[in-house]
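Across the two complexes that follow, subunit A remains constant while its partner is subunit B and subsequently subunit C.
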Partner chain A sequence: MTGLHARRRRRVNAFRYVVFTVFGLFFLLPLLAMIRFSLEGSTGGSWSLSSWGQIASYAGPPPLLSGVEITLELAVITCLVVLALLVPTVIWVRLRVRWMTRLVEALCLLPLTIPAIVLVVGLAPIYRVIRQQFSLSALQLFWVYAVLALPYAYRALAAGLEGVDVKTLSEAARSLGAGWFTVIWRVIVPNMRQGVLNAMLLTGALVLGEFTIAYLLLYTNLQVTLFYVSRGTPNAGVLFSTSSAALLFAFVLLLILSYVGRARGRQSERSKVSK
Partner chain B sequence: MAVTTPSEVGAQPVRAGRRPLLSSSRLAWTGTLPFLGYVGVFLLLPTGIVLWDAVHGSSGGFDFGAVSTLWSSSTRSYFVNSAELSAITSVLGAVLGAVLSYAVATGNPEGLIRRLYLAGSGVLAQFGGVTLAFAFLITIGPTSGLLLHAGWFYDFPQGIGLIYVYFQIPLMVLVFLPAMDGLKAQWREATETLGGSAWQFWRYVGGPLLAPAFLGAVLLLFANALSAFATIAAWENQISYVVPQQIGTALSSEVGLSSVNQADVLALGMIAVVAVVMTGYTLLQRRTTRWLR
Partner chain C sequence: MTGVEVSLRGLHRRYGSVVALDGLDLTLAPGELVALLGPSGCGKTTTLRLLAGLEDADGGQVTVAGADITHVPSNKRGMGMVFQAYSLFPHMTVRDNVAFGLKLRRAARAERDRRAMEMLELVGLTEQAGRYAHQLSGGQQQRVALARALAISPKVLLLDEPLSALDAKVRAQLRDEIRRIQLEVGTTTLFVTHDQEEALAIADRVGVMRDGRIEQLGTPTDIYSRPATSFVAEFVGLTNRLHGTVAAGSVNVRGCVLPLADPATPDGQATVLVRPEAVTVVPSGPLTGTVIAVTFLGASSRITVDLGDTTVLAQLPTSEATALPAGSAVALTIRPDPVLVA
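Take a look at the complex of A and B:
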């Protein structure tokens, strides 16, 4: 019996190594090619870091740094808006209006089924109003980016709230005289930090890679800037250094997320044991 | 006495907190108003605008003339191309992604390989955008490829299809891995104890269990490829092959077109197709949860 298992285990392992190697090559080759090209010097085959230095200095057209700045600012603003909007809602629904759980969940997941390319058609008239009434700045994109981030943020927050005994915590806090604001932001949120952090990481990664809506609403964020650089000078090294940097940044965000998720899992296991 | 006091003190604010406004569950739902309002304005309203504009002429009355252009041969060809590209890349991505999911699922759930593949999948599946087109251009582009100079790089569907598969496989890993993880080792052991071979396990146990999840994932990948715009725009922005590209063109050059609301009509067509696909996905998903998870 154990012989059978050992043999199967060996076969599965051999299969796994082959699969990981083949897929690893398929996924890594384009990325490595991009990085290799970004490190190419002025003559073919040489190595240089100049393309990476150009991320800060590339004057365009269009200037790269402003695209980077806009996108980073958008990431921060979008994170804050998503949290301000979703955290109280998710907790409130859990505490007081459980019958709305399905509705809120459905609304949050809806952006997954309405393609961005469809949404942008309907957004065009709305953004015409925003441009006329409020501001021309590309930062206004946060309104719709928060919607795009809803599915990811909702799932992260809902998972974060799963292990929290919301009812007991809120009753305890209320009985000590806390208002609902204190209950939500100072009692429950600290218990779901990991969920909040996950939501922020995913939202940040999303904003970093967004192109469709910005491009079609005629705003210039990082991806749109890269798009125009590629139209003008398709072989600019800076194109590939910046693209690699953005992808690596998103990858690091999600890798952090995977470790944070584990820390939380362990914590809840511990608390189960102690009970 | 000293024992009872705290409970009395503790109980009072609760009563005090139960002011009619806060405790009345009739009004408690108003706490979700900011959320509902936001989603209403930036998600439901745009969708409504698309649907409304698609069936209204410039005069303001109902006008299904524009919608009927969905059946014109030029528009149909965009949908056919979209369907072709989505079908090929979703099936290919699903099969390859399922193989990769199996390899990931059989490994250590806390291991580094799983972590790297999951984080990498998240980035490539959801946040790649235009970058993926650049990466392939520099790898196999017709003149700039470092690996090879592929003459078919700008051919439809194989050139763009390869790039789509590159983000479809990671998405498959993300959506299919939970189902793979749900496949219990005990089922495999039970099969073996009863003398079943690996083939028999996959044919009679694992395959039927995973089939709904797999088909659902194919549909999800189909919808994903159908709605992708960034990658194909960066790949080729002169010729429109698929619906999203044509929506982009219609949006950015609204003046020159015969009908003003062509973007709305195309978007309506997309909504219809995606709605059908996602309904199928939801039904299969329900079926999946019966055994797995």
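Take a look at the complex of A and C:
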């Protein structure tokens, strides 16, 4: 019987490795090809960092650094807006109006079903007003990014809330004297930390990689800047080095965010145990 | 804090077309522990939730120490509550859980820690102060929940089937512990349970509920020995239903003449309710039959006797029951305690 289980486990593990390898290759090969192309020299078979060097030496306009800065700021603002909007909503829906779960889910998933170009057509008049009434800054993109991030952030938060007995915990906290804000902020949110972190990662990834809407609404973020970098040079390799740079930038940033979030969680648990 | 009087008057609550509470009246004396007992859906948990402020009543009034709190939100009622489900905050240590209510009341850190440790000592868990909920057993979690509820010196303690998720042994231990602590702190307590043994063992008074009303409220002895209605008699403890003939305030059941709890019962055929303890084995008696099953209960045993047209349960000391294996012929009689007509 044990042998049978071991054989079965080995088979499942082998299947797992095959699936991971196939999908890994599917995602990695084009990326590796892109990086390889960006490293090709001017003559066949030679290697060069000149495509990457042109990113570093690019003076603008628009300046590369301001693109990085504006995108990071956008990522932070969008994360905050999405969390401020969705965290109380998912908790409230779970607690008080559970019958609205499907409706809220459908509303949050709606942006997935609308192509970016259609969104831009609809948003153009709104952004005309925003430009006239409020500000010309690209930071105003957070409105549309918050909408775009809804489906991903909602799923992450809903999944984070799955394992939490929201009703009992909130009733326990209420009976001890907690108001609703305290219930949400000090009792429920700390128990859905992973969901909040995932929602932030997904929202951040979306903002860091967004090009279409920013470009079509005539704003300049990191992706748009990189597009200008690649367009401003006759070297085709720059097109690929900028794409690789954008990808690596987002990847490294998300990795740091994820690591910091997890490390903080572990640290706070350790400090509480040793108290 | 010493106990306060709690009064629920004419409470009504509906869920759509379902009536959960139908004009419920209940008063708890200061420091008293009242257990609400009843089948699922009888309204006992709804009563507790209305008292806690976790739900709103459609009608009626809730007063605590004379103050009307019917429309006071739950976080302003100052009531401690222990839930059926484990309710410790998973991201906090045991100490932080117990001190949570005090923190909300802006107690100084030293005072919070002192009080938390005092409460943990009361439930015997000082050693676990630095642990998290997932590092505790179910019984320990409920004891911490009790300490947390008591830490805020609640006016009223509400226990919503706190033992139902625990195994039998832990359940009995914790039940006794809850009673000891309740007597020690003197907090007026409402305990909701569907377990009759638990209710009878722990409460000063037991309220048996049915269809949103209290069918009978009395001491455990009253409830068990002098049930007011056939529903109470059948819900609390085991009952034999035997046919008899009512005449002049007593009933004749197969030759045993028994006084009626309600002497005004009209004459004629009736079904009476007889406790198994009232059925005793005698060398020769009016009821004769064959033992068909013996159930060992510890110090006592229950035998099932086939009387031909019906069966009857009798509860005997185990020493007597062992002499009556299945298949033995037996004679029984019924002790002449007042009986209820179904």
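By definition in this document, the second predicted complex is superposed on the first by the 180 of 275 C-alpha atoms of A that agree within 3 Å, B and C clash if a C-alpha of one lies under 4 Å from a C-alpha of the other, contacts with A are read in each partner's own complex, and residues count from 1 in each chain.
Basically, a contact is a pair of C-beta atoms (placed from the backbone, for glycine too) under 8 Å apart; a residue touches a chain by one contact, two chains touch by 3 or more.
The shown structure was predicted, so the numbers you read here are calculated from the model rather than taken from an experiment.
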- Between subunit B (first) and subunit C (second), which, if any, makes contact with A:D165: first, second, both or neither? second
- Task: Kindly classify A:V19 by the partners it touches after superposition: subunit B alone (first), subunit C alone (second), both, or neither?
- Result: first
- Once the shared chain is lined up, is A:L39 touching subunit B (first), subunit C (second), both, or neither of them? neither
- Message: One more residue to check, A:L86. First (subunit B), second (subunit C), both or neither?
- Response: first
- First, second, both or neither for A:P190, with subunit B first and subunit C second: second
- In the superposition, subunit B vs subunit C on subunit A residues touched: B
- Message: Applying the document's definition of touch, where does A:L141 land relative to subunit B and subunit C: first, second, both, or neither?
- Response: neither
- Message: By the touch definition at the top of the document, which applies to A:S175: first (subunit B), second (subunit C), both, or neither?
- Response: both
- Could you tell me which stretches of subunit A are touched by subunit B in one complex and by subunit C in the other? 171, 174-177
- Item | Residues on subunit A engaged by subunit C in the complex (per definition of touch) | 165, 168-169, 171-179, 182, 187, 190-191, 193, 269, 272-275
- Task: Provide the residue numbers of subunit C that touch subunit A in the complex, in ascending order.
- Result: 52-54, 73-81, 83, 85-87, 89-93, 95-96, 100-101, 104-105, 130-132, 145, 148-149, 152, 158
- Report the residues of subunit A in contact with subunit B in the complex, numbered from low to high. 4, 8, 12, 15-16, 19-20, 23, 26-27, 29-31, 33-34, 36-37, 85-86, 88-89, 92-93, 96-97, 100, 104, 107, 110-111, 113-126, 143-144, 146-147, 150, 171, 174-177, 180, 205-206, 208-212, 215-216, 218, 223, 226-227, 230-231, 234-235, 239-240, 243, 246-247, 250-251, 254-255, 257-259, 262
- Message: Please output the residues of subunit B touching subunit A within their complex, sorted ascending.
- Response: 10-11, 13-14, 17, 22, 25, 28-29, 31-32, 34-36, 38-39, 41-43, 45-50, 53, 96, 99-100, 102-103, 106-107, 110, 113, 115-116, 118-120, 122-124, 126-132, 134-139, 144-147, 166, 169-170, 192, 198, 223, 226-227, 229-230, 233-234, 237, 244, 247-248, 251-252, 263-264, 267, 270-271, 274-275, 278
